[in-house]
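The structure appears right after this line, and notes come after that.
By written order: A, B and C. Residues from 1 in each chain.
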């Protein structure tokens, strides 16, 4: 594990070093759990009280917060402690799990698959016919990639994830564990005898851009026809559902347990809060935000923030919530 | 990939062909993305404006919508464009991923398991003691089926799905990727010393009828005792939770992120909207509909539509929502 | 399968045996499905009507419910039929799926891993560098455990579950199928050019106490730094999301589809209802209860019960719901 001096760290952060510490710093830790070889963070005044008794040898502090350095315990003042924290985490980022061999002998790889340079393919992976992996793709053990799917350079796929046939995945993506890409969309028609339902074939695929991250146990269904599309730079949390024929622009964020019903369109930079759901065939325009827990039943304008179930303009919803509390107390 | 003439397609649809195209048609595509070898759909007047500039050589159009044929670009008028689309998708449905060998040598199959004719078992599957697979069962790579479970003819199980011991699965089912069937129900009792909880054994199983489809990353827990039951023809979307001892009738639909708490009973033909949750020990009678996002805390009568959190008659709920908006604006 | 006399069963329950049956009892079943070799339960008066026509040879009945014994059909009266049922289920609990060999030859286990006595490791498992398994750990087929993770004695991990690197798992835990432990937390910062998002490294881990049960397809993310912590005896249902840096005390319960956003703190004995979500950086103090479907946006006091979206004191919320129904009917 890496170890740094306080000077090394401030060299990266370019903050104001107050006091000094001769401790070697082995990693970040919360103020109350820290040992003397840890650096910590004070991004809000509510953490100030823990500094005096903390064993941390250093703290990174927002420059609008007053904290003193102590004997052999230093302060680095920065404009944005959150951003500084991210940079410190990059310093201490540990190497990922090792691969003893680039392509594990238990992986089953179809002879027609094209595997780029520097790929690592773990134990018990399955790679189907005509799959194409770019360079430096990492598949951890127990990943399945089905026929004709292509994956771009430097994409990492964690164990248990399944990518079905004919999907197109960009470069520098990360798919976490047990993700499901390209399963059939949910579509049925009444059977001809009127008793029950007949499956509508889902003959489309999934197209995922570059630098997309998809959280554990999330699902992106293939399109009925054409494609379900996730734009460059989208970040999707755990247990998220993206139904068939939805189209996401670039740099959208979807938090845990949120979902897009079929044929939803998101513009660029849309933020969907945790557990929020979007009705099918709805459009959320660029820069809009959907609050946590919302149920969106209508289109949302660019830049608008909606909230509630059913979702409406967030300020209106907050007013409703206040009004209801007042009325119930009368 | 298959290719058809416009006459071939109208032979299936039996609609009214207006104009003609000599193009070979290689698949369906949305109007705006289509190339000249694509057929598209106009099921609503809002898509009419895209027809003129589309490159699609043909469109299937609802017969109440007015659209003109152009030079070498044909129209097929039909009573129901959605149904016609389903039939066209069946024409163009592509073959599923290939199996090079029927039973992959890396699959681990207990010697007592009975494997029907025409089964395909992918790489790294695990099949336990006394499992019985009917004929033409397909297990894609990395599926686990545990001891004493039986699976009917023509059922397909996608990668990452796990079916635990002593479950009974019907024929013509489809389980998508990373589905969990037969995990323990969630049941505890206070420990005898009053500190903490003791697990209640979950000794029942799961019984799934015929033609049931279960979406990616969905869960059906085994019963505490007796069985969790899913009736014939039920269609279950992604990330759905079906807790122990729930019983679903035939032809029910559960959309993404919905859930049944323990011992819920659904009649036949019940529709549960996305992200809706049903309280434990509740009955939703046949033909009832639960709107998206609802939280159902009481029984629902046959044919009733409920909505909201807490759910009530949908018309009443809609009135409440309107009323609240009005009050907040006063 | 085990078989008992009514006397055997009452020896365990120590209730009052009324009447007798000479039937061998092979298991528990619901009154309406039972055959003559089954024992059933009557824990509420609503089930009394099924007793006369049931084929069950015996029933365990709450002592405040009046039910008669019949010819060769016995009653055991107990103070708490639910608790008695749990004890009967323990009697009839069946053996779990078999392992033909303790460590399956297809498992890929790094040479530095330490495997305790009596461990069972199924087909196609993957165990990384320096993993340590205590004694009697059971990994069913297709489990992945990554580098440096430790797992305590008698913990059971079901198929499809992935535990990432450097996590610490206690003893006597049960992780059901397709669980994701230790995937990256969901954290980004704006990129330096203001266009898009940069991943914040998630260098922490997950620490799980003893006797923790985690349901199918649930996720526990690793911490940004420091640890995501689940205390001893917590019971977590299916499809639950526990985001990075959340800390749960002991004996907490989280029902299906519930979720903790980042850095949530739960005290001891907190109960989170199904589909409830807790906002990031919120504290739910010991003994508090969050009702099903709630969206909690503020701290909750010890012992308080909150409900609704947004969540508030449950009695207040119930008043609001009543008030809204009344107003809408005016």
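Note that a contact is a pair of C-beta atoms (placed from the backbone, for glycine too) under 8 Å apart; a residue touches a chain by one contact, two chains touch by 3 or more.
This is a predicted model, so every value here is computed, not measured.
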item	value
Chain copies touching (chain B, chain C) - same or different residues, decided at half shared	different
Angle of the C-alpha superposing rotation, chain A to chain C, to the nearest 5 degrees	120
Distance between chain centroids, defined by C-alpha means - chain B, chain C (Å)	26
Numbers and ranges of chain A residues touching at least 2 other chains	106, 124, 142, 160, 178, 217, 239, 257, 275, 309, 324, 327
Residue ranges of chain B in contact with chain A within the complex	27-30, 33, 82-83, 85-86, 89-90, 92-94, 96-98, 100, 104, 106, 122-124, 140-142, 158-160, 174, 176-178, 211, 213, 215-217, 232-233, 235, 237-239, 250-251, 253, 255-257, 274-275, 292-293, 308-309, 321, 324-325, 327-329
Chain A - residues contacting chain B, complex	106, 108, 110, 124, 126, 128-129, 142, 144, 146-147, 160, 162, 164-166, 178, 180, 183-184, 186-189, 195-203, 217-219, 221, 224-226, 239, 241, 243, 257, 259, 261, 275, 277, 279, 295, 309-310, 312, 316, 319-320, 323-324, 327
